[in-house]
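Before I ask anything, here is the structure I am working with.
Order of writing sets the chain letters: A, B, C, D, E and F. Residues in each chain are counted from 1.
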Amino acid sequence: MNENSLLVVSAHAGDFVWRAGGAIAAAADRGERVVVACLSYGERGESASQWLDGKSLDEIKAIRREEATAAATALGAEVVFLDLGDYPLLESDEAVRKLVDVFRDVKPSVVLTHPLSDPYNGDHPAAARMALQARILAQAIGVANSDGTYPTRDEIIGAPPVFFFEPHQSEQSDFKPTLLLDITSAFEKKRAAMECLPAQKHMWSYYTDLAVRRGVQVRRNAGPNLGLPHNTMGEAYVRYYPQVTDVLA
Amino acid sequence: MNENSLLVVSAHAGDFVWRAGGAIAAAADRGERVVVACLSYGERGESASQWLDGKSLDEIKAIRREEATAAATALGAEVVFLDLGDYPLLESDEAVRKLVDVFRDVKPSVVLTHPLSDPYNGDHPAAARMALQARILAQAIGVANSDGTYPTRDEIIGAPPVFFFEPHQSEQSDFKPTLLLDITSAFEKKRAAMECLPAQKHMWSYYTDLAVRRGVQVRRNAGPNLGLPHNTMGEAYVRYYPQVTDVLA
Amino acid sequence: MNENSLLVVSAHAGDFVWRAGGAIAAAADRGERVVVACLSYGERGESASQWLDGKSLDEIKAIRREEATAAATALGAEVVFLDLGDYPLLESDEAVRKLVDVFRDVKPSVVLTHPLSDPYNGDHPAAARMALQARILAQAIGVANSDGTYPTRDEIIGAPPVFFFEPHQSEQSDFKPTLLLDITSAFEKKRAAMECLPAQKHMWSYYTDLAVRRGVQVRRNAGPNLGLPHNTMGEAYVRYYPQVTDVLA
Amino acid sequence: MNENSLLVVSAHAGDFVWRAGGAIAAAADRGERVVVACLSYGERGESASQWLDGKSLDEIKAIRREEATAAATALGAEVVFLDLGDYPLLESDEAVRKLVDVFRDVKPSVVLTHPLSDPYNGDHPAAARMALQARILAQAIGVANSDGTYPTRDEIIGAPPVFFFEPHQSEQSDFKPTLLLDITSAFEKKRAAMECLPAQKHMWSYYTDLAVRRGVQVRRNAGPNLGLPHNTMGEAYVRYYPQVTDVLA
Amino acid sequence: MNENSLLVVSAHAGDFVWRAGGAIAAAADRGERVVVACLSYGERGESASQWLDGKSLDEIKAIRREEATAAATALGAEVVFLDLGDYPLLESDEAVRKLVDVFRDVKPSVVLTHPLSDPYNGDHPAAARMALQARILAQAIGVANSDGTYPTRDEIIGAPPVFFFEPHQSEQSDFKPTLLLDITSAFEKKRAAMECLPAQKHMWSYYTDLAVRRGVQVRRNAGPNLGLPHNTMGEAYVRYYPQVTDVLA
Amino acid sequence: MNENSLLVVSAHAGDFVWRAGGAIAAAADRGERVVVACLSYGERGESASQWLDGKSLDEIKAIRREEATAAATALGAEVVFLDLGDYPLLESDEAVRKLVDVFRDVKPSVVLTHPLSDPYNGDHPAAARMALQARILAQAIGVANSDGTYPTRDEIIGAPPVFFFEPHQSEQSDFKPTLLLDITSAFEKKRAAMECLPAQKHMWSYYTDLAVRRGVQVRRNAGPNLGLPHNTMGEAYVRYYPQVTDVLA
């Protein structure tokens, strides 16, 4: 087991699959612990077909929970559901504190979440703001856990890098990728996870095409010596804090 | 000998020392070939004390050339002088073509140059624009060398990543670092190279202090597990093209 | 009766007159239903003369309500008052839900509101944020009306375009017009509506001058063939979502 | 014959096909005159396969000219070649003056060109800068034609709107679409034009996929009442000057 | 006693010392009243060493209060503590109303606070947003004091200029200085105030070095005639509203 | 005679009147030397009515020169004409060197010029770029005068602040004022200077209205204690380099 761990903060039950499935599968394949924190099930805003089928709120939440669990499993990840409600996903001190607990449990070496701007969906930036806030609070020894106890020195976290995954309409959300991730070897698992979400079958080809397009960009930006194959698949990310390294590359 | 190589495009003779000396020394220490292309000697705009001493233009150019050569040697780098003139450094097709030759000779795996904005010095952005243009042209098999011959397939270059090094007044030049380089082990050589430039002795402590300040930021952004020492020294860079990788970190 | 409808979300009772009166009158003249949702009366922050006259809070609210109703009538619009309070106009889930009801009632083909930035008045961006949030929620079949009932398929709305109208100090609010509306034929009604607000008489000429200035820009940007008259009057807007069309013009 | 006319300023011979083929075919279908001004053949920078085949510069230019002519014909457009050279496309007063002549000949009601930023290709912004400069000069009665004669009042142009078409890596070029064009009915002709460019066969599916993706965005932003079909195809544009209209929609 | 007054809104107990100590001491030296409003003690987020020492929350608050009071005294300023809690500093209507009272008491001719962006600390922007909101509300005669009484005409404030002081990582917080303050003569008092904060002894040299660096920039931007000494010390600020003046300088 | 001096770099003969006439008159009234450097007469691009009247190029240049001289005199300023040609105003090393001479002659304590962006007129940014370049070169003792002689230590200039004056369409040119100048007492002279330009009579009222509008903003941003009159007139500027001061106000 790799000592690194990946925490993914997702506003709705399906977001982590479409947008970060490749990164998740790759991390799991390397032996990292991966935890997906679903803040809501997307029960109101992203389940139109089920509402049209006459399902009740509780039924819809159960369906979405089951699907997201299956998809996470297909990717090799654990999933926790905070059930904060969607449309709107309301920001609150309580919700942030629950996330602080998750951060202290996972001690992530890398954090993934939504970008801070999305004119088509207010829940996505709300999730990102809470994730960023929780990441800061979880580092402070003077900030109590949600049960009121104080953390020990070993229980607080460091300052992990944060990456924003791709929103639906990238340019409208001011999403200018600063990192292109080669997910060629992980794509098969990402596709399997997408197929765990049958209600959004039309998205399967959409996000496969997107992976091809980002793969073309991986190759265009890969520099001279890499010899990447034509079927390279990619995911795009924005790094929020500066990269720290001792080798420029 | 490491097969990687680093190309640094510097507007004036001293720029590469203050701004990228750590990266250069570290690359040389890893066994990479490092070539610094000095577009001018900084003979008019950055040699005020020599002008006040009554030196002639040719004397000043000779002094600056000697100093820059010594500094490059201290860092473990080669240096080529294009002698294009400074204040102003005029952009021209001919100058770009000479740079294309340099790119095809060095075949850099990484390129360093000035950022594209600097309200205090027009030569710096001009150098950056020519470096970026030459990098693109050097990739094209249909673009001739400056002697009129066409390159073979092996002579054209790939698409190396480009990093902008730090301008004098970072915020005024819209320089928001996206990469913080740990230069702790290379700093001793950077200091030695600075000391090859005796006319700017007041800069030695200024750039040492800056390395300390960037070092504090290296530690602040380094994440949980690195245990960096208190004397960490740093240099700041902006990555111009998206990073390509298969591991998020 | 034209089947289109226009919804204007205004932070205070007078805002819609000064900033969008031309667009409102023009839409009403075309036979569209126009509904102005006044989130507050501007009773605390924009009624200084009445406070200095010793009026009570309730008296001021009544005066402003009466004036805004008269102005809306002059423009050909309905007006609804949500009475959420001003200075500050507090954002809340309840306020957004009331706006969702308004959206589902009006089913707007176009939405007008304040821009998202205004360093001189926090109520304006707050109104915009709530309007944008309500517009998204009103599209979702899983989001209940404020009385707890769920909408039918016919009761949810589409995704109408949103335009921001002009703030008081355009440049300071990062308001870069992307659409200049010719309001020449509607200006007489806009002027009549302005004159329904006697306490701000000094604004009548200010906003008439602004219409002249924006009219000059209408003519400057109108392209070759339009032959617009010298007395062209204009209003400036920023389009928030991309325009969709099948003819470039 | 529609009295409107469309002028497309393209840096290289193929650019107008991939990026604006739908807009061109649609305008031609409406009976507008469409003229494509190709500033170069893309003979050095975008003809790698022909160079590898051992073709000479003149042969390559002839091939590209023939292909571009065929593609323009398939779209219903005329094409003029300015043969200014590529890689680099050098900006000059003479080149701008030739473009002024083209503007005064075509008297465009709409202008299409490249966006002003493209970190992967300096020729594209150079073409855009010259097109914008020529558009301004062509409006001035005191600016002579390239043969030294002065224009009459009828020969100068108005101020046509300008749209930037999509660059290869949209986000890296700060290309945030402000207009999504429905090209569904024109797509068949765009595909036929693409197939006139056999050396770039791998681009056919890439740009077909892009049209699908932009088509999804057309539908997402189209508002409530349009009932667009699932196979909607799109092209993305950025409007450079404010839109002028008398109806908000 | 100078009739001007300075209000500094600080998220945590130490912020005003490191970031604005020079401006505070200089204003006090000119005979202005200076009031620092500390919104919290920084008891949870900026007191790690005391938590590690096993201190209780109340003990830590008392220590920080004492230190901040000593530092304010060293600078010649009064200090008020609002004790709103930190990590997170929660925004609320009640907190803003308390700040309105402070604004109306101090009637500041200048306001200093944190910038609106800081990816490393959410409390800083929260403090800035509340300060800006309170500044607007305090100008309105219809906005009651926190005890429910209404202000008289003399009790409301004007529209004082606002300056943001420097965040810890300036570029990451999009902090581009628009004003460089010469604090050479005030620096001795700033240093004395820093030394009132013994737990952060490592910051003393860090902020002394920063004052040197900003001092270099003071000299670089000071224009032709000023003859500033080599030991010039500086602080950097961003002006939030446009400067008003009748002399360009 | 005040020892300060003001240098205004204007692309065309009339620009300095409309955009900076107030600042010029105020400086002259304070006893400062004011020099306007007109880079062209605006003979091609801003003299349409004279072209339509059938005047020759030389006649138009003479008319514009006479008008600009009269306007400068009305403001109390000297004027020098560089006659570089307009539409386009071509940037060149020679033109910059002539400006260097002007800078060294005037030794300005303040510089005014156009902003760097103007989508409606390429000559304005070209003038600004040359002014900024010349200002830098004029500071360097190693940069020769245009006659080939080298300057003495007393002949080089310092680093004067630069202010951009207002373009025709402020928002489209990304012109966000950072300084509002009270020109109430200077306005009468500005009006007299405008009336020296009879061919643009329609601009007299346009720029008078603009002065009123900027005057309203002067009062809105003037802070608490100034008691500015209702007829305050203003001009808007953007400061290019950070302000240096020892008092925040």
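The rule is simple: a residue touches a chain if its C-beta (ideal position, glycine included) is under 8 Å from a C-beta of that chain, and two chains touch if they have at least 3 such contacts.
Only a predicted model underlies this, so the values are computations on that prediction, with no experimental measurement involved.
**Student:** Chains touching subunit C and subunit E alike, please list them.
**Tutor:** Both subunit C and subunit E are touched by A, F, going by the contact rule given at the top.
**Student:** If you take the mean of the Cα atoms for each chain, which one ends up farthest from subunit A?
**Tutor:** Measuring from the centre of subunit A, the most distant chain centre belongs to F.
**Student:** Identify which chain pair among B-E, C-E or A-B reproduces the interface of A-E, meaning that over half of its contact pairs, matched by residue number, are the same.
**Tutor:** More than half of its contact pairs match A-E, so it is C-E.
**Student:** From subunit B, which chain is the farthest off, judged by mean CA positions?
**Tutor:** C
**Student:** Rounded to the nearest whole Å, what is the centre-to-centre distance of subunit D and subunit F, using the mean of the C-alpha atoms as each centre?
**Tutor:** 37
**Student:** Find the geometric centre of each of subunit A and subunit D from their Cα atoms only, then give the gap between the two centres in Å, rounded to an integer.
**Tutor:** 38
**Student:** Mark out which residues of subunit F touch at least two other chains, giving numbers and ranges.
**Tutor:** In subunit F, 120, 172, 177, 217, 220, 241-242 touch at least two other chains.
**Student:** If we use the touch criterion from the header, which chain pairs count as touching?
**Tutor:** All chain pairs meeting the touch criterion are A-B, A-C, A-D, A-E, B-D, B-E, B-F, C-D, C-E, C-F, D-F, E-F.
**Student:** Residue numbers of subunit B touching subunit A in their complex, please.
**Tutor:** Interface residues on subunit B, with respect to subunit A: 6, 23, 26-27, 30, 107, 109-110, 112, 157-161, 163, 177-183, 185, 217-218, 220-226, 236-237, 239, 241-249.
**Student:** In the complex of these two chains, what residues of subunit F are touching subunit C?
**Tutor:** So the residues of subunit F in touch with subunit C come to 120, 168-172, 174-177, 206, 209-210, 212-213, 216-217, 220.
**Student:** Subunit C touches which residues of subunit A in the complex?
**Tutor:** Touching subunit C from subunit A are residues 43-45, 47-48, 51-52, 57, 60, 87-88, 90, 119-122, 172.
**Student:** Along subunit B, where are the residues that touch subunit D in the complex?
**Tutor:** Answer in residue numbers: 93, 96, 132-133, 136-137, 140-143, 150, 153, 240-242.
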